[in-house]
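Structures given as structure tokens follow.
Both complexes shown next keep chain A, but they swap its partner, so chain B is in the first and chain C is in the second.
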Partner chain A sequence: MTSSIVSPHRRLVEAAAATGRYLWGGMGSLAGLALFLALWEATAQQLGSLILPTPREAFATLAQMLTHGSAWSDLAISARRALAGYALAVLAGSALGLAAGASITASLLSRPIVTLLIGTPPIAWLILALLWFGAGDGTPVFTVFIACFPIVFIGAMQGTRTLDDRLRAVAQAFRLPLGMRLRDVYLPHVVSYLFPGWITALGTAWKVVVMAELLSTSDGVGAALAVSRSQLDTAASMAWIVALVSALLAVEYLLLEPIKRRVEAWREFASSSES
Partner chain B sequence: MSTRETLRRALGQTLWICPFRPFFLLAATYAVLTMSVWAALLAGFISLPGVAGGPFVWHAHEMLFGFAMAAIIGFLLTAVPEFTGVTPLGRRPLMRLATLWLVGRGAFLLSGVLGIWLAAIADLALLVALIAIAAPPLWRQEPRRHVTFITTLTALALTHAGFWWALATGGEPMRWLRLALGVLMVLIVVALSRISMRIVNDVLFDRDGEARTPYLARPPRRNLAIATITAYSVGEFWQPGNAVNGWLALAAAAAMANLLNDWHIGRALARRWVLVPYAVYVCMAVGYALIGASLLGAAAPVSAGEHLLLAGALGLAVMIVMTIAGGMHSGHGLDERRWVPLAAAALVAAAVVRTTGGWWALPAAFTFSLAAALWVIGWAIFLRFGMRTLLGARPDGRERCDEPPPRD
Partner chain C sequence: MAGVRIIERELNIVGLTHRYGPERVIEDIDLSIAAGEAVALVGPSGSGKTTLLGIAAGLITPWEGRVHSTFARPAMMFQEPRLLPWQRTLDNIALGLKALGHPRRERRNAAAALAQRLGLDIADLDKFPAALSGGMQSRVALARALAIAPDLLLLDEPFAALDVGLKHELHALLAAERQRSGVAVLMITHDVMEALRLADRIVVLAGKPGRIVATTEVGRDLDARDDGWLLARTAEFLRTPNLRAAFALPPLPTAERVAS
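Entry: the complex of A and B
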């Protein structure tokens, strides 16, 4: 690798150029998004704004809610709950999954349990959570946790299960210190399995929290959606949906995808050195 | 030899040795002439009593089917022989075709006197003749790599016929001209992808030698741009002013911006043969973005964004294609003198000034005149310095449209 002899200034410029290329590469996706909005606009014009408001009406309502209403605080409440459940699921799922992957017996045992957890619909967990935790933060946080946990768990388990035995042997033969073995041999491989699981789980957390709030709480985006539904306010409903999807897209493409590219850069290097 | 004799010799002989020569000369001359007339019309110095559809329709139509059409004819009649290996048109047929172009211009100007049907036939004959000449060799080629040109030309002919039909039946001619604008934008994307593959890679080769990864005009991005431009143009034709078209225009803007990804090739982008085509695409992206914003409720009128597509993208594309093709096929080679960026900058300035006209800061009449003046200056520069590729004899002793020999 020659990257160590490149000056910091040069590296900064290259990083900025790569970021620019990444962001500009999203222009194609923006074109697709605009086509989708055209379709939405055309459908809304056919159905009338009582059934489906136009994109502009939804955006205007959202802007209005953000400047005058309580939209920010509702979004913050939902984000807090989603992130709490998500953080618990990431911690527990990663730790248990890594541990389970280390032993074949444990993997065999945990597989049907995970299948069972994934197979149970979140709405069923929500009912149980309502019985156990009542109307409060506990219900959405638990529901998010239980919906995200198996996704993270499976990723982590696969990560340790698929570790290359030969690499392990080489590391042992060279008597690599434990810290280096973890950081340079195991971690890159495990992370490349963990990360997709974390990303999928984050999307799930965001969707599940809204569903849980819709049925269980009096604040948060879900509760606000319930109110707009009962008032037959389709513009507000669409505005909330737009806010939810935009937040998800922003986190995914501005935060997670760049990180994912970084941590998976070694794969490209590995596959290009094979040929 | 006196100047007069030189000119006579040029007009009688050297002007006709390759098809691009007479038509590029017509395009550039007409760019100056018709814009001067338009500026005089706007200022109220003259009037056009005998024109069907009125002066606005005349201005729009002549820019598309007079100015741009001459450039397209010159480009295709030179490019098709290069693509397919057929012999370029000789002096006589070129003279007939150029006469047809002139008749079309006169016919529209006199359409009030001639009657619309006669003017329509005189004007439409040119495009039909072009298709009859250019389409067969492109179609016979195996594999049919350049068949998009046939499709685009046919679409252009149909919109042109629709324009005359609307004029004759009291319809809305401007709607058809907007559709034709969309076809021309597609044609620019198609033509520039062919030219850029050659020119950009030459520039890269000069800089870095063979080690460099080549520039590729990738079809998926190009097809997305063509599809979105088509969707917007058809939508706006079908239901003018609808907000759906606003989103479609934004999609076209994003797709054009996406096309720029092909062009982010490092420092070679600063070279004129790369930068000017790049500016064409930038004008298209910003133009469609402005149109989209207008249709979704912004203050600027749709015509503001459209003039970024016309004076900006179309004007620049015509100029750079005429400079590149003129240089390559006249034996002079690519022109590295300073007038090229200067003329291009004048056109960009004209487009920007015209786009801001009437809704942003400066008064409309002033911006329109200034934009017209900048446009005329840009084309006057082209005529002054590019003339040698159109009227002069070949400096390298080669024949007709041959390219100069490779440098090494």
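Entry: the complex of A and C
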């Protein structure tokens, strides 16, 4: 027998095909984006640039801020805070969520707490954080953490909650050692629940950090937005919004979504071959 | 061969009773399977067959009684294929070999060779289970069980959902494997013909809680069990009063009983 059952050539072709499908699938999204820009342009022309600048004005302002202003450093500061809070939420939320899912009692106990956390608006946490942490980095980082934590926690808890007993029996019948049980049987299932939670939480982190900065700090994108608001500079405000949304879309569609597709390749087959 | 073997491989179940909460599912089961022997547990749904097999496989801890197995390498096939959905066919087949610590290249080669013997397409080996038909998935599950060269095969009605043609084919594969490797088999089924096709001994389980109500030796060589014999023997077996009672079949008209 040869070991070339799965030839590297074929894998390459499959990968290329998958990338092609992904990019082609992006055409629809691009069309939607174009439609959105057209509507924006039309509305802006009706209302005038003091109320709503046209996309071209917003992009021009953004380009100008990026080349001459402090836009990069503000974005970097916001990203640092968002990622710090997000990383804490991913670590704590995943670990505690997985643990809670492993026990029925723990998941019953934690469910109302998590509902409470999700139901509390981030702005309320922000007020508390301001009282506790003052005007430093602590306030946005904490607010991001507390907003992302329940999202990650729920995904992780569902992951262990829904582990398949039937596959567990397979693992037992074939005497899989612990490491293999975790890696081959439990982990792929858990990851398919964790990953969507992580992605949703990243979006939340990015949104919440700007809100927290707007009210609590003197630097970062949120603070810059506060400044442009006080100067009635709609073009700069729109430019910041465009920068925020673009950054989020770039991370999601260029980084997370391809990873997700790769990790969950088996799901694609599951849905496409229902015979 | 027998002189070399130090431990005689066997599975011994003595005085077994099991309950889920207050509900007893099986009671007073005594059953033993010797090396190379094939035993079929036949019984209606709800007679505790799956529980008994689970206990034999060590998946369920019995309430009462003793289960002792000296088989070194049991393998199991479940009611559904139960393949790992995130692993490709070849890795699914090689699962047990991986657990035994065989290196990747070696276990994948062994799995591919076995897959071919069981009639799987080379192209299928690189697919995820969801892309395979039900019959192919069952074949993969059989390959996964046979890959570790088991000395005891535990089968939990794995062919129940397949069409007659596929069933026939997988039965033939299993019979061939028995003759090739001498693997012992404990299978549960509600299909009397399947039991007669594959087993040396048929144990009928019935009632609530399930008890053993009859035992029959099949007493015919595996390769001599052609379709004609199988149909005749099945018809004959279905006339056995114990079996009719176990499956709650109406009693036969007297004339027919005399004619037989």
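In this text, the second predicted complex is superposed on the first by the 248 of 275 C-alpha atoms of A that agree within 3 Å, B and C clash if a C-alpha of one lies under 4 Å from a C-alpha of the other, contacts with A are read in each partner's own complex, and residues count from 1 in each chain.
Everything below uses one rule, namely that a residue touches a chain if its C-beta (ideal position, glycine included) is under 8 Å from a C-beta of that chain, and two chains touch if they have at least 3 such contacts.
From a predicted model like this one, the values you see are computed outputs, not experimental measurements.
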| item | value |
| --- | --- |
| Broader residue contact with chain A after superposition on the shared chain, chain B or chain C | C |
| Which superposed partner A:41 touches (first chain B, second chain C, both, neither) | first |
| Chain B versus chain C as contact partner of A:25, first or second or both or neither | first |
| Chain B versus chain C as contact partner of A:172, first or second or both or neither | second |
| Chain B versus chain C as contact partner of A:104, first or second or both or neither | neither |
| Chain B versus chain C as contact partner of A:188, first or second or both or neither | second |
| First, second, both or neither for A:55, with chain B first and chain C second | first |
| Touched partner set for A:180, first chain B, second chain C, both or neither | second |
| Chain B and chain C footprints on chain A, overlapping residues | none |
| Contact footprint of chain C on chain A as seen in their complex | 1-3, 5-6, 10, 166-167, 169-170, 172-177, 180, 184-185, 188-189, 264-266, 269-270, 272-273, 275 |
| Of chain B, residues touching chain A in the complex | 221, 224, 228, 231, 235, 242-248, 250-255, 257-258, 260-261, 264, 292, 296-297 |
| Footprint of chain A on chain C - complex, ascending | 54, 57-59, 74-76, 78, 80, 82, 84-88, 90, 95-96, 98-99, 105, 108-109, 112-113, 122, 125-128, 130-131, 133, 144, 148, 154 |
| Residues on chain A engaged by chain B in the complex (per definition of touch) | 21, 24-25, 27-28, 30-35, 37-38, 41-42, 45, 54-56 |
